[in-house]
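Structures follow.
Each of the next two complexes has chain A plus one other chain: chain B in the first, chain C in the second.
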Partner chain A sequence: MTVLPELGLVRSGDLDKVLAAVDYEHAPYAGGTELVPAMGLGLRRPAAIVDLKRVEALKGIEVDADAGTVTVGAAVTHRRLSDHPGVRERLPTLAAAASRVGNARVRSTGTVGGNLCFAEPRSDLGCVLVALGAMAEVRSARGARTLSIDELIVGAFETSLAEDELLIAVTVPFEPAGTSYWKLQSYERPTLGVALVATDSQWEVTVGAATERPTRAVIAAGDAAGLAAFVDSLELSDDMTGPSDYKRSVLRARLQRALGVEL
Partner chain B sequence: MTSPVATSTVIRVRVNGRDVEALVPVRLTVAELLRERLGLTGTKVSCEMQVCGACTVLVDGNPVSSCTALACDLDGTEVLTVEGLAQGRDLHPVQEAFMAANALQCGFCTPGFVMMAVALLDTCPAASADEIREWMDGNLCRCTGYAPIETAVTLAAARTDDGSPEDDQ
Partner chain C sequence: MTAGPRSDAWEKVTGRARYAVDMVMPNMAHAAVVRSERAHARIAGIDRAEAEAVGGVIAVVTADDLGHLGRRFGHIVPDHYVLAKGKVRYYGEPVAVVVAETPHQAADAAGLVWVDYDDLPVLTDSASALASDVLIHEQSYTEPGQEFLGVAPTPSADNAAHRGELAWGDAETALAAATTVVETTATFPLVYGYAMETYNALADWQPGSLHVVSTAQHPLMVRKELARMFSLPLAAVRVEVPYIGGGYGSKSYTKLEPLAAAASWASGRPVKVTTDVEGAMYTTRADGAVVTVRTGFDAGARICARDIDIRFDTGAYADNSPLVLTKSINRSFGPYRIPNLRVRGVAAYTNTTPASSYRGFGAPQGALASELNMDMAADRLGIDPVELRRRNLLAPGDTIIDGKRPLDADLAADLDAIVSALDSHRAAPEPGTLRGRAVAVTASDAGASPISTAQVRMHADGSVTLLVSSTEMGQGSRTALAQIAARELHVDLDSVAVGQSDTRFTPFEWTTGASRTTTVVGLAVQAACADLWDNLRAKAAESAGVPVDEVVVHAGRLHPAAETLTPAEVIRRWFGVDAGEVVGVGVIRRDGATEMLPPFWEIGAVGVEVSVNEATGEVTVEHLVTVGDVGHAVNPELVKGQDLGAATQGLGIALWEEMVYDGEQLTNPNLIEYRVPRLRDTPRRITSVLAERGDGAGPYGAKGAGEGALNPVPAAVAAAVGRAVGVWPTELPLTPPRVWSLLHQAGAG
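Up next, the complex of A and B:
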């Protein structure tokens, strides 16, 4: 068994105390589904972990009917997200995607914030949240700011968070009709994810998992040439789940089928 | 942070119905606590990546990968391992079903599969075929004996749903 190096623990139920502790050497820690294996492999060596699980302010799910949004705390687990009646009603595609993340153990411990902030490209939630135009609330001891998930995830395993910043919550607009998420998956993570928000006037296409970060395009409905150009422009990864040509042909087939268009 | 940060903490946890109080280093995993300190070696460790499920235990009823969960998080919780399923000589219905369906070959993955099945049936006693696959597909069997495992969980679900007495409560 891998033995982890000595590790400190900062634990508080007070968000301000947690924010005062977080920096590169003091890593935010909730489900541990990404951080603990990364520490085991020696990819991440914080001096201490800062436990977020006792901070109630990070664990809420609030449906705001007036604003038309659902706000999900960063320390909400995938399982709580997918089981929540308000999320299932207002964000059915997100709830379904969360119910298929990883495996039942990952879903019962892994959190929305951990999933996004680890920025593993092969993520379902990142793709769906970019497609839905979700916003991230970020705080540090210095202040607060709001940015889109598209701005939060800047590359593979890379976010735009400063070392002392913490993702607090994600606010997601209610899903419009015509929203869907489909993925190709052979192993524990998706090979290709495709989120669509298709209306009579436009197609919003977000591609994830095979790209370094979720990549979104807005194309006029019926513009097959525009859609084909977007598919051709994507830099898709080449890995053990398949070469980029294979992923591109699967993507093309999926879009043809979902949008009823010849590519 | 200017104040020194603790590298160990005291946990009070109930493991298979027995109260345990221990001073644990923060770096200690749940699997290390169970196997090396409490002698509960039924829980196996394999991939250490949350992929194979061999190390599955239940923490407050939730399935957890004990190889990558930290023991410092167990304070105030109840842990159930494969050793805690049988009541004396009476096996748990899931264990009975695994025996009846011959759902094991080398047996290394079996404790993880059994614990995941227990978590599933505690959550949805009348689990459908789809739910069984959805919950069990995060466990790997290198002997590839998946069909009998699926049969066993289906059998256990049918027995549980019949209203047979639950003996793990």
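Up next, the complex of A and C:
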């Protein structure tokens, strides 16, 4: 029987107090859908958890029509993200992806920040946010910085966050026409995710789930050889969800269908 | 309130229903199990000093501490120690148990029990286990008196836990003379009977008595095993089983109860042992199987012989698998006219989680190969697969196995119902998909031993308490049995209360399995009600001062002379106050309607239509048709629920479920990677047909349900996918990558 160890709890509605507490031994906690299983498996053994659920500064969703962006707080749940009218209007692909993350329990409690900061490769949001060129606002007691999601996610289960840093919010440019996200999902998490931003001039292709981190390429529209080379260059995982040649075949079929090219 | 579709609905949806995991006892301690981190190794030493030093730890128990309790258990082959002794035989086997004041302390200390192992060669595959000189069990367990339902342990010099054979005619000669011979080999995966409530047991040993609350499907079987282990009279062992959160056969016979009882004995405290999903997957699974079927046909496409070879992967301990193998042999060749037959089976020990009963009980393993074989044969013979089956099906009253009950079902009519449902919803494949459909039928010698006792107590207001030891694990048996009692006694369903199984208070029951409850326990309830009427009649006669044979009983009323009395009036008059009760007892044994075995043949008859995504290999079940050939449905909604649940479990095996070993270790001991069916996997269309022809031996012509609809599903899905893709599958589950490789084989061919 898995029994979680006894834990300390830091709880405050004040972002500064929360930031003062966060370090390796004091793990940020919101939905717990990533942290709790990791603790159950003994992969994370924090002395205490820092509850973010009461920090209003982490829970906002703001649509800025002038800047053409939506800013989503790190402690926003998948359900709130997918249900938010502004997100549905400006980021319909992200809203749709969030509506299909995990299962109903995960969507009700799991958050955007938890999803990104665990850098689980099989993340729908990571793939879509990299495709959309989203930016992350990160803070610690030492100060603040901004970086792209592409820079935030370094590898499988690895981010560029320092131990005392907390993801505050993600700012996403309004989604251009021609954006789509498709996934193959046979198990609890996606096997393969493909985000596309296709215009008349270029194809931006981001591949996730089967790769260590969302991997993006920009290819001139119609450049089938370039697209094929990108597909062939990807290092795809071999695991219970399928061998890499299977995933590459599915990816190829998806791109052929979505972009109307022969690969 | 009204009972609605089932009498336990209210307490279950409001969270008030009690399960074993909810139970507590005063002064209860908690156990954590230390599990083996080797699949096959000698135990060189166990260092428990660090664990014993943890605050709150009461005892760290190993095999060496168990004294006379250190006897092996196992109701057929006594090959299983409560805690591994001398060696471990699978990854996850219990090696020690830590008893502490809190679950936290127990878990912390369990991580500090250090076990030294000397590794032995690991055999995780049945073929290599049978070929190996390395023995998982170095001895045979043929102690005198070890026999269960005619299945006895056989001496073995290899890794066979059990062997069996069934034959008539001369299959080899007939196959040689056949016009066409079709051979099929299919692999049935290692599956786990996932239930929402995992195994748990709470035990309180005191000198001269043992009280256990657990998730056991068969409390009386557990009582017998515990009484033997603790040298106690049966009456001194009390096994209580409240609601069970899902059984599916996985909770049959003895599981965690000896461990909890031994921990209580060693620590002097009531001890609770629970498991999570990982612990459950290290407790029991279903037998994996590789089955080869050769069928010979004459020029008229009639079967002249079948030769079947069954090889089970039974895991580290035999548990109930020798019986499962025996039944698998009986169920493997299908309800067809087969003049010459030979079936040989072997259950191989391997270094994996022990296998035991699982819904279908050996039937799905055999049917996968033999029903797929019928589809392959139809293809080869150029005949429609339904027509091939029709040509060979047994008719009602025909013999399936000599000396057993003749077929009590109309399979041709069941097939007609399936085909008509499938035909009425035919659709063209969507772009990028392929479609295939298939039917499959099975017949299982079900019902187990027809031994059951029921007690009905009618109270002074005419309401009734029904006592049976049948366990309620979600199948709705308390509702169905209450309905039978209500009908027999002419009372409202709301007036019948059904007690939970408790060996101290509820009467003897063989088991809750083999789809037997409505049929066999239902007959016991009917008999108890008849006994109650007899007793009421005698009391009415006595009160009225007339001979018993002058008391007429009609439509729930008693008529001594010119009077009309309700049963309640009879009771009150006889006791002389507004109190008292009258009891009826019903006993069923191998006699009368249940003299001939099996008590009934459980039919599985399904059809599926699937679509296959050509790019991804994903399989969608477009239409599932089940026929519940149950004779009479006491509660039609419950029967449909059983059929849908069983078929869905079959779809899990067909498409998703598989315990995957990488070397000695199980790689997916969790529900994220061990994929059970979900709501979104539900077939797009479901047609649930009930065939009520009154042809069963049970109450009102009823036969059992519960397993039948699982048995043919893996075979039907495999055949349907094979038809869609153009290549016959040889292995389940048909996960998207596996179907994708079939598509590639088809493309290459």
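As a convention for this text, the second predicted complex is superposed on the first by the 262 of 263 C-alpha atoms of A that agree within 3 Å, B and C clash if a C-alpha of one lies under 4 Å from a C-alpha of the other, contacts with A are read in each partner's own complex, and residues count from 1 in each chain.
By definition in this document, contacts are C-beta pairs under 8 Å (C-beta built on N, C-alpha and C of every residue); 3 or more make two chains touch, one makes a residue touch a chain.
All figures in this text were calculated on a predicted structure; none of them were measured in a lab.
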Exercise for the section: Judging by the criteria at the top, classify the pair chain B and chain C on chain A as clash or fit. Expected result: clash
Exercise for the section: Could you look at A:Glu188 and tell me whether it touches chain B, chain C, both or neither (first, second, both, neither)? Expected result: both
Exercise for the section: Once the structures are superposed on A, label A:Ala253 by its partner contacts, choosing first (chain B), second (chain C), both or neither. Expected result: second
Practice task
Going by the touch definition up top, name the partner, chain B or chain C, that contacts more of chain A.
Solution key: B
Exercise for the section: Classify the contacts of A:Gly68 with the two partner chains as first (chain B alone), second (chain C alone), both, or neither. Expected result: neither
Practice task
Name the contact category of A:Pro5: first (chain B only), second (chain C only), both, or neither.
Solution key: both
Exercise for the section: Mind working out whether A:Arg105 is in touch with chain B, chain C, both or neither, as first, second, both or neither? Expected result: first
Practice task
May I ask you to decide whether A:Gly178 touches chain B, chain C, both, or neither, giving the answer as first, second, both or neither?
Solution key: neither
Problem - Which superposed partner A:Ile49 touches (first chain B, second chain C, both, neither) - result: first
Practice task
Could you look at A:Val36 and tell me whether it touches chain B, chain C, both or neither (first, second, both, neither)?
Solution key: first
Exercise for the section: Using the superposition described at the top, list the residues of chain A that contact chain B and also contact chain C. Expected result: 1-3, 5-6, 103, 188
Handout entry: In the complex, chain C residues that touch chain A
Key = 32-33, 103-104, 106-108, 274-276, 278-279, 432, 615-618, 656, 660, 667-668, 671-673, 675, 678, 735-737, 740-741
Handout entry: Residue ranges of chain A in contact with chain B within the complex
Key = 1-11, 20-21, 26, 32-33, 36-37, 40, 47-49, 51, 53, 79, 99-100, 102-106, 108-109, 188
Handout entry: For the chain A and chain C complex, residues of the former touching the latter
Key = 1-3, 5-6, 103, 184, 186-189, 191, 240-243, 246, 249-250, 253-254, 257
Handout entry: Interface residues, chain B side, partner chain A - complex
Key = 1, 5-7, 9, 25-29, 31-32, 35, 45, 48-51, 53, 56, 62-65, 67-70, 72-73, 116, 119-120, 134-135, 137-139
